[in-house]
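Every chain is named by a letter (A, B, C and D) in the order it is written, and numbering of its residues begins at 1.
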Amino acid sequence: MSLPPTNFKPPFNITRASHLALTSRDLAKARDFYTEVIGLKVSDETATTIHFRGVEERAHHSLILRRTKEEPVCERVGFRVFEEDDLEKAKAHFDAKGIEAKFVNVPFQGHTLHVADAFGIPLEFCARMKTLPRVHTQTHEHKGAAVLRLDHFQALVPDVGKAASFYTDLGFRVSDYYTAGAERLIGSFLYRKNNPHDLVFFERTGPRFHHAAYVAQDASRVIRALEIAGNLGFSGSIEHGPGHHGHGHSFYVYWRDPDGHRIELTLGAVQMMDIDEEPKRNEVGAGAVNLWGPPPPRSWFEEASLFAGAKVIEAPAGDPLTLEKYLFAKAPKTEPVKRRA
Amino acid sequence: MSLPPTNFKPPFNITRASHLALTSRDLAKARDFYTEVIGLKVSDETATTIHFRGVEERAHHSLILRRTKEEPVCERVGFRVFEEDDLEKAKAHFDAKGIEAKFVNVPFQGHTLHVADAFGIPLEFCARMKTLPRVHTQTHEHKGAAVLRLDHFQALVPDVGKAASFYTDLGFRVSDYYTAGAERLIGSFLYRKNNPHDLVFFERTGPRFHHAAYVAQDASRVIRALEIAGNLGFSGSIEHGPGHHGHGHSFYVYWRDPDGHRIELTLGAVQMMDIDEEPKRNEVGAGAVNLWGPPPPRSWFEEASLFAGAKVIEAPAGDPLTLEKYLFAKAPKTEPVKRRA
Amino acid sequence: MSLPPTNFKPPFNITRASHLALTSRDLAKARDFYTEVIGLKVSDETATTIHFRGVEERAHHSLILRRTKEEPVCERVGFRVFEEDDLEKAKAHFDAKGIEAKFVNVPFQGHTLHVADAFGIPLEFCARMKTLPRVHTQTHEHKGAAVLRLDHFQALVPDVGKAASFYTDLGFRVSDYYTAGAERLIGSFLYRKNNPHDLVFFERTGPRFHHAAYVAQDASRVIRALEIAGNLGFSGSIEHGPGHHGHGHSFYVYWRDPDGHRIELTLGAVQMMDIDEEPKRNEVGAGAVNLWGPPPPRSWFEEASLFAGAKVIEAPAGDPLTLEKYLFAKAPKTEPVKRRA
Amino acid sequence: MSLPPTNFKPPFNITRASHLALTSRDLAKARDFYTEVIGLKVSDETATTIHFRGVEERAHHSLILRRTKEEPVCERVGFRVFEEDDLEKAKAHFDAKGIEAKFVNVPFQGHTLHVADAFGIPLEFCARMKTLPRVHTQTHEHKGAAVLRLDHFQALVPDVGKAASFYTDLGFRVSDYYTAGAERLIGSFLYRKNNPHDLVFFERTGPRFHHAAYVAQDASRVIRALEIAGNLGFSGSIEHGPGHHGHGHSFYVYWRDPDGHRIELTLGAVQMMDIDEEPKRNEVGAGAVNLWGPPPPRSWFEEASLFAGAKVIEAPAGDPLTLEKYLFAKAPKTEPVKRRA
């Protein structure tokens, strides 16, 4: 199996997953979900666009919602580079590779470079963003999960090796990967900042946007969000969890926002940055992927948002252990009077 | 609908749900589950019987496990009466009613009276039990959820009104009840101590033992138990939850012990004791019974332990909203490429 | 030493500590403290009086603040009796004892009986109060510690045995008591409801009101209150804690409200109700009274609110281990360069 | 005031604070403290040396305790560089500067370079360390606070500007700094990894080792450690806290280990890594440094461990607001009967 190797002398310095833009058919409802349940702060709001940030984020936005009348999509995911100079290096790199890259003006951001990855996922890079005060200690104004910051994105692609190599060439390291049998790479966790994930790929028809993950301070904040969801009519938005991943090491709840986009609440992951960290192989089907909690429902495996402008390529759906199958296997087999032997 | 009225001048003074006895085919495995995951302390142990208590319980036992080679059952549930004198009054009361009641010797308990309720559920009453030190502040020795104390029992019976009236005659009050439509009583929460439940009945083929509930200090202890279950091979024992009930007001996780008996972990419920507390009606089907969390799986509705010696009477199964139905209704309908509209 | 014996056949049935009335020189500021930090809900408010309740309290009020221009005092503490009939029995009991007791009209309360205890602490008893919805699951509206319910009162009196015997005659049991040496009773925890304290006495000049305690759901809510206090200018109101009592078994923070009245935030205490619970003796000076956390500052020992109309009798101040003494004993003795050996 | 500027093209790539070595007069007692209360895991143990790591640490050790019969000291603090090659660059850099640097063999570590900083604080750099499995999800084996990982060191030095410039030359950035008045730099928070602190300096007689900080998962783990300390005889080891810093943004408890070395338990700090993060000035005396919690006791300001071999230079002690002064200012002024007006 060919796990793409990390280029430890990358052409420019990407520092972290930074922000994303989604479209919404009902901004007011989406705003409610993201402010009251997830606990994001609104940094800027117009009739057509809302910019949000987590409570510890000094950067102006990590989530942009834009009004649409079409099917909601993920418009773009954004990464930070360290310095302005890295943007020039990035432009030169993509030009040399024959990959179209262009500078654009984006509100509240410094110099911004647009490009698409190996499967057409729309990306952007910037070094600077308008800054606003951190409000993570303003507890009296916190709502919902009061999420601290954006952590990572997950996308579905028809070829994980090909998708990942675009990023490992840019210096991303692999923390965990999944294989089907010994040979076929079907999942890859890629990171630049010092934890196991800035960008995650799993094999499926794609490219499609699977989820963005925000970090909450602790489990009590996640439970608070669940309670508030129940009170405000969003309990049907809970798709999967609470539970605890085996690989990524953390507590999770997956939500579907009012437009169907998927958001994960997670807790701070392990620190991962030393040179002697090696990619860790996990074989699907070889055991539980969760420390606790049942498998995800079918919708978690099958549903995802399209990326704006990206052409979808079919891939085999595989045969994941869904919650539906899990329940079927565990369900009472005998007449109701008798309990499970 | 005839919700049975509480006798506020009861013939004797029952104070609380106190203990229960279950049988087990594999005491060693059950011991592991109850000590390492649930966090009970062993008060006494022989080759055939283990007595457990919660970490704040001064009473010698709230759970007794007895070895069996047969189908595991619930042998008996126990209540405390306030004084020895209440046992004499109880005996006189049952004699007068023509209900067989007899004094027996039970290890570690004072004078103990055996009787069966309206559906043959085996009960016992005692005023005293051997006492042992509370260990709730001995955090360094706590394991799993480190449950504090037993809270309540739930049983399935074919006629909730008839089952409940046996207890309301003895002074139990109703905190919540469930009806199917306006008329048919199908669930009843009964209490003597100052919270909403010592004994709960729901309508189904029975009598069968549905679950016993233990109180944990807070959600972090319940999460700890879930993590430890994952590590020790008990993650398959999680049947339902975490979630938050609407009526009973608390966070829950339902487990199946290695013999299939069901145990709930819950948090401290509301204080309920004033004369002006009125029974609260909830209509099934009129809305979610949960504040958050999906409906229970079929097994939760259909599976229960038999009570030793009690004759099971069939009742209609109803048509509860199971997790399986809920998932079916929410599942992706279209081809996988498209996400939910 | 004469620990007063409990009358297990009391003349009337007191069920629990229920409510208290304090006076305030600045209702607006006190309102801020109690709603934003402690997290009480306002049940009723006029220009001169505010009634508050905890989020799980169905009873209209557990705290009444009344505007004053005088030195703020504790006007009265209130207990619930079970039934209206208990009020008549109470009146008859006090009349027979030659203790003045009179029925009064109190807003939002049923029939209410006023009386003063052995040291002139103004009491009232009622069986009913207007009810309002519980809001403990309305998490999205919770503020501060979102306290659940009032738990107990503590008062300082010059003679603990005499003070306690008034209540043990009325059926209060002793959970814990403190002695100075083997003989002198200097503290007593009295209870009617099923946990260790409805009313606590310690020996000092008095009668004076030491504190009222509210129960929070868990430590994360108490920490939330501390953070919010810091943000809203109330961090100077934290007098003692967080810490963990040894005897009462729970996490605590003591606050001083804007008028100087003391409020404790605690967590749910152990269940205590069985006949075989025996009073537990603790000897002051024989060891730490805290599981963790330093001793209270001098103010905690010396400052307390007066009770309206009660004549204060001097008592020896004792020589408690204050935080000040504790720090003095631990402080660096040598020149600053050298650290503690 | 001259805040030393960061060299953004540093001579070699330091990635993070990594480990430290302390000496102990009683290894057995220190082992108890670090394993049972702090919750470190023992990676290796001999009669004279114990190596510990946090539960999420894959690196063999973050704390080394070495037996001594002398006054306990901090022998050395260690940083990671990214690659082996960075060690060669470091050696060349120090040689060029005329700073003595030598390669040494250190058990369980790769190539290791020893050097002393501007005040003689003994440092070491390495790129690799033996790795062991992360055990952060092995909750059933966790003890005490189950700390995740080492976060930062704090040292006292007579000249903060001079001390800090040694590190800013090596690429450290300043997150926060403290001034006395507008001009005099008296504290500096320096970081390489993506949070606000790898190394902190405050002005005092020094160099002396003030504390090392470990990160716990959440406040419930810190409270668990406090409870366990109470049970195991370490409650006197709690020096300061719990409280919440204003600048560093996190919950804290400061402990003194059995040899007097100071250890902080903290929670995960904010993510800080963007180029547009600017050093933030705080002026001492201009307001509370805590979000909540009283000031530290005198011992926290005055006591610190010596660094092995470093010559101590006196500095003015300043006049910090100690807990002792704070209590004196708040203490009851009038006779005890009257409470605070």
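We take it that a residue touches a chain if its C-beta (ideal position, glycine included) is under 8 Å from a C-beta of that chain, and two chains touch if they have at least 3 such contacts.
None of these values were measured; they are calculated from a predicted model.
Student: Higher C-beta contact count, B-C or C-D?
Tutor: C-D
Student: Greatest Cα-centroid separation from chain A: which chain?
Tutor: Farthest from chain A by mean C-alpha position: C.
Student: What whole-Å value do you get for the distance between chain C and chain D if each is reduced to the mean of its CA atoms?
Tutor: 41
Student: Taking the mean of the CA coordinates per chain, how far is chain A from chain C in Å?
Tutor: Chain A and chain C have C-alpha centres separated by 49 Å.
Student: Could you work out how far the Cα centre of chain B sits from that of chain C, in whole Å?
Tutor: For chain B versus chain C, the centre distance works out to 33 Å.
Student: Which chain B residues touch at least two other chains?
Tutor: Residues 137, 218-220, 227, 230-231, 244, 291.
Student: Quick check: in the complex, which residue numbers of chain A touch chain C?
Tutor: 36, 137-140, 143-144, 218, 220, 224, 227-228, 230-232
Student: Could you pull out which chain A residues touch chain D in their complex?
Tutor: Touch list, chain A to chain D: 8, 15-16, 56, 58-59, 80, 82-84, 127-129, 131, 134, 136-137, 148-149, 193-194, 217-220, 244, 246, 249, 267-268, 270-271, 273-277, 291.
Student: Across the complex, what residues on chain A touch chain B?
Tutor: Residue list for chain A touching chain B: 71, 204-205, 208, 219-220, 223, 226-227, 229-231, 235-236, 238, 242, 244, 251, 256, 260, 288, 290-294, 297-299, 302-306, 312, 314, 317, 323-324, 327-328, 330-332, 336-337, 339-341.
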